[in-house]
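Structures given as structure tokens follow.
In what comes next, chain A is part of two complexes: it sits with chain B in the first one and with chain C in the second one.
So, the complex of A and B:
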């Protein structure tokens, strides 16, 4: 009797899982292997030219100057964007934590950009940052400062794109850190104060260590986000070329160009394998950092 | 004693709020200006007009793009809520061989970047005639591994006695899930539902790849390509952008608490 009950339960479980399992296998897992397999083929718009090329695409990547540029840019986006996002987000959270009235209102204002369509955000900013008629340059002029080219200049475009993304993600980071701050028991601070610790010591020895898991989570989510940066790069620049002079070209955009502008699907797949390896390594480092934290 | 630091915090927060809200305000006011006025420095339109909105709504396929986005976002959200909770429930509450393997398998898909999947999805769609169809737009988002993970945590906290009571009352195993367990995880469903809806509403890369004709564009793709075509008609572009942002801000206004709790749930407590 017991056995048959257990069997009944297992049958129900498999019935429930049938469709979802098919989905996760066929739409999520199998295509990842297909990308790996496609990367070994010359696979383009012309079916007659499709052929097995082995590791040729990986060799091609070594000599691809534009890919190198995209990788370097993506590294810059991440190295500037992630720390900026973390520090500013923590700052917003500390400020929100310090006030009581209107806290929810402020939090809502900071958070709103995070959920608005990145396309709309990008167009508003490219309008505001326009060198000739943009409001930002008008304000600079009023302050007696020289006008800036922003997105039009190879020297400023990447930082400008980063700033817009940071602006959009700030509220998300702020909300995360605020929740982290509110999870820290007040008694810790009181005890430390009695021992004569100053504000900086409290922050350095209580707040930061106890926020560590949230910081790691934010940093990893942020890093993966910047590694896949696409929508803002395309829409801030009017084109999908990563201009001016490839100065904003990001890895995901380069993959898109190779796959859907030039229809070099095999080569593009090889680059996605590279992206996957990078993300895998970051996730492994995250697990390391988080598990170390648990030991205290 | 603590007055001055608090005042300073308010001042900095207020200044920051201006920086966060200004682009929205500027977008809205520009969208109300006639073309001759858009290069003026004045924030407020001197001759406010709804003509930009009329042009966007009547002379582009904006209503269709809106409808397409709605179809995609609503169907994927319903599908994710149903299937993710079914899987989450099964993994949390039923006993069967291979449970651990299946959980790890689903979770492992979280590490795969979308860019890697987009290319095979496109090849698959081209072979099956899904390019430029609703099914093509929809199919990658029908379930979410993250949702399974989140809901499984919630189902685990439900007492098994409660489910057994349902079984004794003669409910089938599906009845226990649907009538007893499903309604009890409402807060998690709300958070997951809102994020799935917004994620699909805002999604850009896959719709850009799979859509070929103007009438199949979703809102973000429609606004992006329309803006490219509209050139310097910033008043029109800002009207289109405002129309794209407005529904999202309305959803946010109504579900602010659930949205913020959802972020906290996934980031700090998950």
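So, the complex of A and C:
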């Protein structure tokens, strides 16, 4: 039987797609289902002693004050971190786009933090932010400002962690936005300028709408990233993880603690499911709200 | 002829079976700490020489990934047969099915030959592990800084400690250049409040059956107040004065902290790092000659449910070897941790040693906190301290809250 070219191409495509599909099902989706299953059991290392408890773990969540704190903190991280990261990333991209010379050098400099291991970044920052010996407070003192406790204060620690993460993600955001900017045809700007548009109008009516796909992508990826925040939280305050006084405790860290220092794997799995649902809902809402079709 | 062949065949099968039975491989896991890893490697060599049929595989993991590895490997049947763990984790691990009880013979040996704090390795009357070594707390002090501040001897009472601390604290403007005491609520200090100060003042942290929190008393408030006043009233220390993971110890090693309270496990790090004269003293007491108290802790070796049949036999043999007198002596020389057996602790050579001595003497009255959920209970006490230091909550209110939170943890475990 002879197949049309289009069909043959489609068959090949499906053949190649099978591998990533199998990978996705086995490595991504299957464990997710297992987590769902695990969340309904009281975990025991001895399979004979595992007990089905139904929705008990989900009930347990309702009375868990620390979980509420972790949830609230995680939402705060996201609410502050994502917009900050978008605005600053766009700012860096606009500046990078404006220079011709050394653009690649600057791009590399801004991108470097993103590929630096998060643990190393966290450790260096925990030194720089030290109240007594840190260089940040040294600078504040030089400027005649009072020294700040940063990570040592329950009031400042969460914002400090957020700032470190934003700083680290800045390069990635910048490069994404830069690519978006360079995809906008120059003719649009030229035409608008001839019509007498100022730079704000150019930005407002050309740059921003045409960057919409990048903004949506960045916002979604950034949100998921902040909702799963873990490494920096653990390493910026290593001894008192999530501290001081649970002020930096994030959901992912709480899950880790439940699973691997309290061995409550069933309960940890239940919280994982909660995190999954939160991410799913927020992402759907974001896609809805942000990616309005733009006419041009 | 036929008979002979048969006998020969049966004999061969028997021999084969014997050879098979003698080749048992067991796995030992611990976290990665250089001197301990080297010591265990050497001990395995000695053990295998004495027990030719048993092979021991030794695997280590970074400390922060250790429990995670155990949690995922044991249920999958790939983890260790013999596992090293902190005594405070035992109830949690037992509840989740990661440890099996040890035979009565070992429990009896622990009752008669090991110092009493090792009883903390029992849950509901059953023994779940045996330690090679134990640790206690003492005061490390920088002799050079003491001399420069005109102090001749380490403090014997907490009021002397406070006066010395003030002399050792140096400030430039709002910044501390040097501090008297390396205060660290999440280091050893939560033990200091609960097991040392509280008991010295006549209180006790828990009821005998460990089902009730009993520190929310005037003694408890006094203990927490005494401790937090070092920061709030006297200013002889600031938490996180020196950055990093073990800032209080690093700051001491850097010569910027006059005194720290740390465990015997810190001896190695301090003696290899410190570039000055330092000394160790028993913890101060409230008045000269007043009641002494100390916090003792240990890492123990337990068996996972994987060790069954021949493997269990071999694993128990290895466990006995790891906790034998001979091994404990070697452990002290090699790792610097104090032996867990009564007989060795009584050795005067050890108690007169200027560095080990104070720790060994403390073992006589040291108590190990009977944790049921170490992570949660540690957090309760660290938070109680931090509420006072960072949020200006008064010690009585903070302690009251801590007692309520910790009672919930205990109730949760015993329900």
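Just so it is clear, the second predicted complex is superposed on the first by the 248 of 296 C-alpha atoms of A that agree within 3 Å, B and C clash if a C-alpha of one lies under 4 Å from a C-alpha of the other, contacts with A are read in each partner's own complex, and residues count from 1 in each chain.
Just so it is clear, a residue touches a chain if its C-beta (ideal position, glycine included) is under 8 Å from a C-beta of that chain, and two chains touch if they have at least 3 such contacts.
Bear in mind the structure is a predicted one, so any value in this text is a computation, not a measurement.
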Fit or clash between chain C and chain B when superposed on chain A: clash
First, second, both or neither for A:16, with chain B first and chain C second: first
Partner chain in contact with A:133 - chain B first, chain C second, else both or neither: both
Chain A residues touched by each partner, larger count belonging to chain B or chain C: B
Contacts of A:255 with chain B and chain C, given as first, second, both or neither: first
Which of chain B and chain C A:194 touches, first, second, both or neither: neither
Which superposed partner A:147 touches (first chain B, second chain C, both, neither): second
Which of chain B and chain C A:62 touches, first, second, both or neither: neither
First, second, both or neither for A:265, with chain B first and chain C second: both
Which of chain B and chain C A:243 touches, first, second, both or neither: second
Location of chain B clashes with chain C - one stretch out of 62-70, 206-214, 242-250 or 260-268: 206-214
Set of chain A residues, in rising order, touched by both chain B and chain C: 43, 127, 133, 238-239, 256, 259-260, 265
Complex contact set, residues of chain B against chain A: 5-6, 9-10, 12-13, 16-17, 19-21, 23-24, 26-27, 30, 38-39, 41, 83-84, 86-87, 89-90, 94-97, 99, 102, 105-106, 108-109, 111-124, 139-140, 142-143, 145, 148, 173-174, 177, 198, 201-202, 204-205, 209, 219-221, 223-224, 227-228, 234, 237-238, 241-242, 244-245, 248-249, 251-252, 256, 259-260, 263-264, 267-269
Complex contact set, residues of chain A against chain C: 43-47, 49, 126-127, 130-134, 141, 146-147, 151-154, 238-240, 243-246, 256-257, 259-265
For the chain A and chain B complex, residues of the former touching the latter: 6, 8-10, 12-14, 16-17, 19-21, 23-25, 27-32, 34-35, 38, 43, 92, 95-96, 98-99, 102, 104, 106-113, 115-121, 123-125, 127-128, 133, 135, 138, 167, 170-172, 175-176, 179-180, 183, 213-214, 217-218, 221, 224, 227-228, 230-231, 234-235, 238-239, 252, 255-256, 259-260, 265, 268-269, 272-273, 275-276, 279-280, 283
Touching residues on chain C, where the partner in the complex is chain A: 67-68, 71, 74-75, 92-93, 95-98, 174-176, 184-187, 238-246, 304-305, 373-376, 382-383, 386-387, 390-391
